[in-house]
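Multiple structures are listed underneath, in structure tokens.
The following pair of complexes shares a single chain, chain A, combined with chain B in the former and chain C in the latter.
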Partner chain A sequence: MTAWTDSAGGRRARAILTSRPFLTLAIVVAVWIAASFASRGFGAYGHLRYLVELGAVIGLVAAGQTFVVIAGGIDLSVAAIVTVSAISLPLLSWQADPTGLASVLAVLALTTAIGVINGLGVALLRVHPMIMTLAMATFLQGLLIIIAGGSAVTAENLLVHWLGNARPAGIPAGILLWIAVSVLVLTLMHATPFGARIFAMGANPLAASLSGVPITSTTLAVYGISGFTAGLAGVLVLGMNGQGYVGIGDPYLLASIAAVVLGGTSILGGLGTYAGTIPGAILLVTITALITVVNASPGWRSILFGSLILGLLLLSGRERARR
Partner chain B sequence: MTTAPLLAARGVSKAFFGNPVLRDVSIALQPGRVHALLGENGAGKSTLINLLSGALRPDSGTIEVDGRAVARMTPALARQAGIAVVQQELSLTASLSIAENIGIGAYPKRFGLVDYKELAARAKAACKLVGLDEPLSTPVGNLSLGRRQMVEIAKALYRRPRVLILDEPTSSLSATETKILTDLLGRLRGEGVAILYISHRLNEVMALCQHVTVLKDGTRTADRSLEGTDATGLVRLMVGRDPGDLFPKWQPSASPGAAISVRGFSAGLMHDVELDIRTGEVLGIGGLVGQGQEDLLLGLYGAIPARTASATVNGVSGLPGNVPKANALGLAYVPADRKREGLHLIHPIITNMMLPAFARLPSLKLRSRKAEGEKGRGLAAQLSIKGDLQRPAQALSGGNQQKVALAKWMPHDPLVLLLNDPTRGVDVETKREIYLMLRAFAAAGKAVVLLSSDTPELVHLCDRVAVVREGRVVRMLERAALSEEAIVSAAMGAERRKVAA
Partner chain C sequence: MSIIPSARADGALYWQVQARRNIGVRSLFLVVLAFLIAYAVLFPGLFTVSGFAKFTQSWFPLALVAMAQAILMLTGGISLAIGATVSLGAVIAATTMAGPLGVPGGAAAVALAGLGIGAATGFIVVRLRLPAIVVTLAGSFIIGGAALLVLPRPGGAVPAWLSDLLAGDTPAAFVLLMAIVLLWKLYLATPLGLSLYAAGENPVGAYRSGVPVDAARVAAYAISGLLSTGAGLFVAAQTGSGDPVIGNAFTLNSIAAAVLGGIGFLGGQGTMRGALAGSLLLSLMISVMFFLGFTPVAQYVAQGLIIIGAVAIPQFRKVQQ
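Coming up: the complex of A and B.
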């Protein structure tokens, strides 16, 4: 045993094999294999591809959430921002915009601004992130009801439609978008000074500030990113659904936080990676699909979903004691 | 001695992850004796305390209470046996009051509810012993580090211990508080309490203790009466070689140029400060703990709001409004509480070293892990920080953590180094290294501001010492006038009384 673990390569291999992202991935694969034996069609390529496509929406929302949680905060307004994005896109359309790109950019600018306002409240007014983002969510929900009322809105936007339905080279555009965002997020998180500041801020804000980390601007950026990725998820969900309505983003609040935590990111901040959130998001849609297969009533589905998330968290290791 | 020791360890060994930390160590605490435990950081002192107090279990060897071996020592058993430990890392809860902190876990009960009246009475008695006169309902978070240490000691006394273990109790105490503690220990000793005393301050040990056990690299190198031993002899036992001088030879390197110059400066507790910090000098900041010295440093550093009539910092007029601006002006700050303010304990050592660089580099510039690794290894070699730099910083001993807290600023070549008690809880060898570094820094034409609670350090290392009392710089002692007596009397306002009389 020692000969293997002592070599540098062996140590690295062991570090990867025992890491939380890998563990989460292993659980996903195990569940997929078990489920395809239990239920015909579950393991079909088309079905698995569909699961990953659904996971893309959670994965996008959870990308921003991962940043916020690592920085020591939490964003409870992501669901409302997804809805804002899906509903305001049809409202922000111009004749002189045949591809729909301009309105998508306008919506993303809007949701990013909402995130930055969250950041302002947290960094400058020193409102607790939970209160600030929850208040923001409530505010946005009220605004949406006034603007959209109870009716669903339909988007006639080429780009949005393409994102939700096109399959270049057989791969859904939503998955491609998720891959692109994942590469960007992982680079930003682990290969730039900005990413290092976020980890430092989450682990010990006082020490980070005394080391010269600009706390205010970093906080604004982190919540801004969360607003941006939630907005992107809203655009994708609108494309996949064809219609936007109040409440379309609701499932993504718990899902985004669960994906982050299932992926091994510390809810206390300072430790974690988006590489864990990605399998975390896929694991969540897989569970949802399994519960649908079981054919339970909606009440029992929710109960099963909640219990399974708790069980998985216990299984994949709780927060280890710090210091 | 024929009486059975109140608490003893017989031939205990302990290893962590295969690394032996203690090897076949014995120690016996006799009633009515102050027993010193000496050793450098990482020698195994804390582990031995943890074995004695049941926080850890030995791999081999036994722990004895009243001469009888205890099969499974636990913290609960230790408490029952009257063993109280004052930890080096304070274990207080900031949001609870002094009384609640003191009584925690042993609240007096009445009809199943906490009897606050009784608690207040007993906590008050314990506070009186250590000279704590703050209202008992004050949240501990509002107290200075030194006062918190006194609460910690009061907490141990509240339990009426038969064995009292003190792990570096004086490292954050002022001279007055140290005096109170010394008198108290003398009294407890007279009452037959067995005391184990750990300190890096040898003169304290010489004055207070009767017996000494010295640890070096996990083995016991001495266990003898302190009678007829001198401080040099003790250092030799700890380090394993002749000590030489702790302080580097002082040579003037100050130049007339001012690195920082402030008039009418106010920040936090400090007000109306006029101060010139010259390039090439080590300026000491002395005084009793908690008189506002820390606010002076933090105000200059832009970490807390400050006002001035006029200020010049490295040729730029005005104070830096925030920490990034201060860093850009060439200021660096090393905090006193390295665990809370200085380091990111859960992050790798190398990340800690690189953090000021990350704070200043363009946000989106790609990092090079290879270049970071090289820079980190260079810094580690320069400051003799040993071991894998990928380990979390909490794996390091206190002295090495302090070196990391210093090392992280080195690549930026700061013009002014603001240090808040950099040698607190640091072993002799590391102290010497830090002193050498500070003098070398001043010799290179930089300015060093050294806030310290260790008076000899101020006397031997500094070009000038500003003594702070009640938020003002009451005295500026030049090199020729520097002595421990001068600093202490200025700090306590003794000279004013002398004039009045």
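Coming up: the complex of A and C.
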């Protein structure tokens, strides 16, 4: 009996140790240790905390992206939605709203609605997700310039300011927000019928539909979640920056997709977990920080970034062979 | 020996097949025609030689990148690095052609860069089995970085005679495009070209039937790279200099043109004439909006709406039936 439990426990431990999320986490730790030897100050607690705080923005955007990718789609409008959130929030401030909570909720409702429109296009009009979300990004880009007129807007919102700057118990509020969202996302993904439906839909939409998965409403929900988390990331990035401007969200498109794929989620859908995306996001900011340390020209920095992502993909993103 | 059809019957069959392949894009051709008429009304100069030349010149680079994207999508791939590759082609042309290499050497460098980048991307995607969308997204950073290394800020020069030849008052761009279409037809008749559709439609079946699936897909990436840097060369000739970020908009536009032209994302579906018509529609749309006095911002909004509409309506009708 004891031997049986031991071997089951051993098997379980081995499964965790060889899983994609753990592999990504191991790479992060290895890079952190190597970098702290190579560059003084990299391994300091304050610096690592700052890296995780930056990773929180990517992690939030990538949370919705993970849902969409597992469901067999892709959301190329997240960067535009982050910008929409960071620009419309300062414009939406009311006198009757001293804490700023109402305007934050209004903005999150707006970005969720944008996501749901993406879902409507994908589910009802049958537009390919890539085209639907790219066209949405183009559309929002035009709309933003009309609204903001190309100038930066400053946020005077207490809640947003607190999110970007406060440190309850020494931990930045952004990281706390990320932890809360992560717990919610992991529960939703792995412990609810909704989560099971997403995996079924991504693995085989026809089989899922025939088995009674409501494809339309699930698709709407998945893109809605992506709009919501991208909006949340916009609020956080606005709090950290103090100002919103057109293009503030641009870096987060590639970052969210890369974090999802580096975390072991298949870009083809049906396979993956947000538990891998979390270390994936931290890995990305670590790479960016390392490249900044190297102090190269913009061209070399861009080449290094692309090559490192490509190299990491070889470790974790390969598809099966065709036979 | 009666199984070998006579040359005459063979020809008839060829046109029958070609006509059937037009069915999916017939409504697109009508829309393009409507936009062409609108363009001709707004801009009567279209019917002069120089007006026609200018019109084809604004279409030409978009047509090339649409072909570059379409050939990948036919094999089941995709590239998000088209824009960066166009930029690289432009800066290579602008830095080499005025130098000791001259125009032939510069053109060879542009072509080699395109073929090399495409083949390398294809090798990574096909042989190392990485998802194309992520590889090309990462590739866009590498290629864009290389363009910044070649030319950190806008500059360089293309010989004036080349600019006049390609982007002057002669319809050289149109002649070039026709030559490229002819080459595409010839390529489809080669073993690799024949494998293209099979490799996209059903890779496993094609592989088991002895079709060189991997070679066809790597070749498609190489040709796509060549077309992209070629578009960059043309853009450099148009503007007379190089700019390391000039190609960025082509990534979205190439996908939009190919999808408007009826190319499917899953591979094996669609025709190159559809992709060309899609690129022509996009180019006409941008010109017509410009003539109507839309601000660039309103153009973004309209372009987003039109692309969704054009893609959604045929799909919607299919679902209704």
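We take it that the second predicted complex is superposed on the first by the 312 of 323 C-alpha atoms of A that agree within 3 Å, B and C clash if a C-alpha of one lies under 4 Å from a C-alpha of the other, contacts with A are read in each partner's own complex, and residues count from 1 in each chain.
Methods note: contacts are C-beta pairs under 8 Å (C-beta built on N, C-alpha and C of every residue); 3 or more make two chains touch, one makes a residue touch a chain.
All figures in this text were calculated on a predicted structure; none of them were measured in a lab.
S.K.: Classify the contacts of A:A191 with the two partner chains as first (chain B alone), second (chain C alone), both, or neither.
M.R.: Only chain B; A:A191 stays clear of chain C.
S.K.: One more residue to check, A:T99. First (chain B), second (chain C), both or neither?
M.R.: neither
S.K.: Now for A:T154: first (chain B), second (chain C), both, or neither, which partner does it touch?
M.R.: Neither chain B nor chain C is touched by A:T154.
S.K.: Quick check on the superposed pair: does A:F199 touch chain B, chain C, both, or neither? Answer first, second, both or neither.
M.R.: A:F199: touches chain B, not chain C.
S.K.: With both structures fitted on chain A, tell me whether chain B or chain C touches more of chain A's residues.
M.R.: C
S.K.: Contacts for A:N165 in the overlay, against chain B (first) and chain C (second): which applies, first, second, both or neither?
M.R.: In the superposition, A:N165 touches no partner, neither chain B nor chain C.
S.K.: So, A:S211: does it touch chain B (first), chain C (second), both, or neither?
M.R.: first
S.K.: By the touch definition above, which chain A residues appear in both interfaces, chain B in one complex and chain C in the other?
M.R.: 322
S.K.: Can you list the residues on chain A that touch chain C in the complex?
M.R.: Counting only chain A, the residues touching chain C are 74, 121, 125-128, 130-132, 134-143, 145-146, 254, 257-258, 261, 267-268, 297-307, 309-310, 313-314, 317-322.
S.K.: Where on chain A is chain B touching in the complex?
M.R.: 187-188, 191-194, 196-197, 199-200, 203-204, 206-214, 221, 270-271, 322-323
S.K.: Looking at the complex, which residues from chain C come into contact with chain A?
M.R.: Where chain C meets chain A, its residues are 78, 124, 128-131, 133-135, 137-149, 152, 203-204, 207, 213, 252, 255-256, 259, 265, 297-301, 303-305, 307-308, 311-312, 315-316, 318-319.
S.K.: Spell out the part of chain B that touches chain A in their complex, as residue ranges.
M.R.: My answer: residues 301, 303, 322-324, 326-327, 333, 335, 339-347, 351, 354-367, 394, 408.
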